[in-house]
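Here it is, the structure in full.
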Amino acid sequence: MTKHLLTMSKLTIEEIDQILIDAEAYRKGDGWKSKNSLFVANLFFEPSTRTRFSFEVAEKKLGLNVLNLEDSNSSTQKGETLYDTVKTIEAIGSDALVIRHSQDHYFQEIIDHVSIPILNAGDGCGHHPTQTLLDLLTMKQEFGSLSGLTVAIIGDIRHSRVARSNAETLTRLGAQVLLAAPDEWIDDSVLGEYVSIDQAISQSDVVMMLRIQRERHEHGTTQIKYLDFFGLTKERASKMKNSSIIMHPGPFNRGIEIDSDLVEAPQSRIFKQKRNGTFVRMAVLKRALHHL
Amino acid sequence: MTKHLLTMSKLTIEEIDQILIDAEAYRKGDGWKSKNSLFVANLFFEPSTRTRFSFEVAEKKLGLNVLNLEDSNSSTQKGETLYDTVKTIEAIGSDALVIRHSQDHYFQEIIDHVSIPILNAGDGCGHHPTQTLLDLLTMKQEFGSLSGLTVAIIGDIRHSRVARSNAETLTRLGAQVLLAAPDEWIDDSVLGEYVSIDQAISQSDVVMMLRIQRERHEHGTTQIKYLDFFGLTKERASKMKNSSIIMHPGPFNRGIEIDSDLVEAPQSRIFKQKRNGTFVRMAVLKRALHHL
Amino acid sequence: MTKHLLTMSKLTIEEIDQILIDAEAYRKGDGWKSKNSLFVANLFFEPSTRTRFSFEVAEKKLGLNVLNLEDSNSSTQKGETLYDTVKTIEAIGSDALVIRHSQDHYFQEIIDHVSIPILNAGDGCGHHPTQTLLDLLTMKQEFGSLSGLTVAIIGDIRHSRVARSNAETLTRLGAQVLLAAPDEWIDDSVLGEYVSIDQAISQSDVVMMLRIQRERHEHGTTQIKYLDFFGLTKERASKMKNSSIIMHPGPFNRGIEIDSDLVEAPQSRIFKQKRNGTFVRMAVLKRALHHL
């Protein structure tokens, strides 16, 4: 069976556990490497430095050959559908596809018609499973287990791929999710309990701040005052429990959703998350390709 | 002697045969691979997903190092000529160049002044020899020999790199070429016999549909009606001989020059063509580099 | 200690000598190669074919894995600072960074906060140390030693990264620098003696022409007449000493700052410079990474 990675909700708890175990092995320098000159194509129809580089490092560390397509160079300019682009790249010789696309659930029209795995690197406002997996790995490294943790997700809940996916998965894994957002960014379809930002910060083991996605909404809270209004200020951070950590999916806006000094403060795991991203992506690539 | 690949007309029949034999060997997993860390630069001054990826897969399967240049990143923005770009990249250390350029015969000004092979990946409305070679390979796989085949080329003959190059080569190899086009796209300099579209379809072993090149002409038959007027409808396809196949150089416009359902129908070899593209490009790279 | 390469002025004479020795060894096919699957990211926030390709060939010849970022694909579109991009790419897994950026001294804010080496591939109107190093290597190959040479730097002194960096380094290494420029492009902060263009050409061992950087100034000498006014015409070149050579950092404008026929004339080393660029970049990458 083709091992797509589309949304967190399609992974069983056992599959999630195995990915995190494999990722941790890669962190220690162990694990499967390809010996067969396989090819992976990274198709990014939205710009993303960190996710593309992270996948590319993961692919090359596994000994895979890498093809990179970024939007502006695409034959889609000539009217080709995503489906046909994908079928074509499969025929040319790619053994797996990593895709980021602005359309929610872009993969629906594809997965029944390709025989190579699709790894979702982000679809619209929908899903971003490797981001969730790297967040889980980071929390597991800190706290040993996810069950029983309290995780606060704070900020632009409505427009965040990360919020929805993390909230669902964390709940499933036995963590408690607290949500805090300005009124206009509350989204009741995201799992979790809405509380005040101060309560979220003081009660949680993990304080996860979301990026203000300027490009996704035209109106919104003015940036100047956002930090005081709903960002992680030093004063708010001082109310965190001693053992609690700060996370952020990045790219972050220093001084907007998080005080600049907190990005690299002792309780921050923001750059550790990036490091873990590479290991998690190695693990999902292994899952998709190790039988070849 | 430097083994450029510029136009089909510069290849002898023996050279074409050898390329097809080598390509078929690569399909079976055999053939020359580079052991010397050679470099190939892909210089694409026009966008093209499929051709660039196909060359890149071919290069990496041969063990070559790959450099990719796409137009918008080029020093040509600073007023450098193509000739100087090519000479510079040769000096930097590339052992061969794959070039796509919008100017017809861009290679004329270059080939006498470089000592590394140029592989033409498409010039203006002129030539696209690896496309022809992959079409030949596909037909040879189906029918064993090209001599005696009847091949119909249908659609925008005037603006197609593929039509001219395929028609000339097929004629030289002993195939009969039938052409069918709306009046405004007839081009008498392309070898072959113009017939009605219905005659072309019913009499040929290969029905090769051409893409409607929207970006190359401003006026033309309206797209809405093109399929009925001059596209491959299911009704027209039902008049094909039982042993006949459908080909298309891609990217195709579903529902314009070809009914969407026919793209992946049993008689279609459209995605097989893509697969063969990689093997043919391996063969022409071998031809250019195997002595190194 | 992290072996950044930021400006020529931060390299000791001994370090410069060692880089040139290592580069010459690479030219002969010798020298360190990476056996540890290290990664280098090339971050180009300004377009540059030749410098990026030269670094990429150097990296791949050393057995390094390469990540390429070009401006338009960057997360900096989302408001991320260069500092955070660099920290992120370090975390993802890059062992060194090659950066070109339009801002003078972009590296100042970074170097104290990263533990991986930064190699400057050009900052604003400031520095371009590998260009200077390849120029030095080319002169050393020709003349054996740099001490005692007379080098003329001619043209747009004011806006040239090359002029400032070369003039300082050549002076430090015991060469005499002559400068010649139209009045509006004289810059007294560049080391050397201003003389007439005719004196510069007739008295020097090396005639180094600078590119007219059209994109860096809006007004200036009209291009039509620039060749006669201040370019290297054949008549001026005929006044060169027999043993003297022509150099140009490229990309050059044929017929503007240099007569087109002189680019590939016997006394020109312009394409040899490009070749040396690859070897020099291998040497500075070795310097940064050989302990890993």
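When the chains are written out, they are named A, B and C in that same order, and each has its own residue count from 1.
Simple rule for what comes next: contacts are C-beta pairs under 8 Å (C-beta built on N, C-alpha and C of every residue); 3 or more make two chains touch, one makes a residue touch a chain.
Nothing here was measured: the structure is a model prediction, and the numbers come from that model.
Interchain contacts join each chain to each other chain, per the touch definition above.
If you lay the C-alpha trace of chain A over that of chain B, the rotation comes to 120 degrees, to the nearest 5.
Different-residue interface: chain A and chain C share under half of the residue numbers found at their contact. Chain geometry summary: the mean Cα position of chain A and that of chain C are 40 Å apart.
Listed for chain A are residues 72, each touching two or more other chains.
Residues of chain B touching chain A in their complex: 44, 47-50, 52-54, 56-57, 60-61, 70, 72, 211, 214-215, 250-254, 263, 271-272, 274-275, 277-278. Partner chain B is touched in their complex by these residues of chain A: 37, 39, 41, 65, 67, 69, 72-81, 84-85, 87-94.
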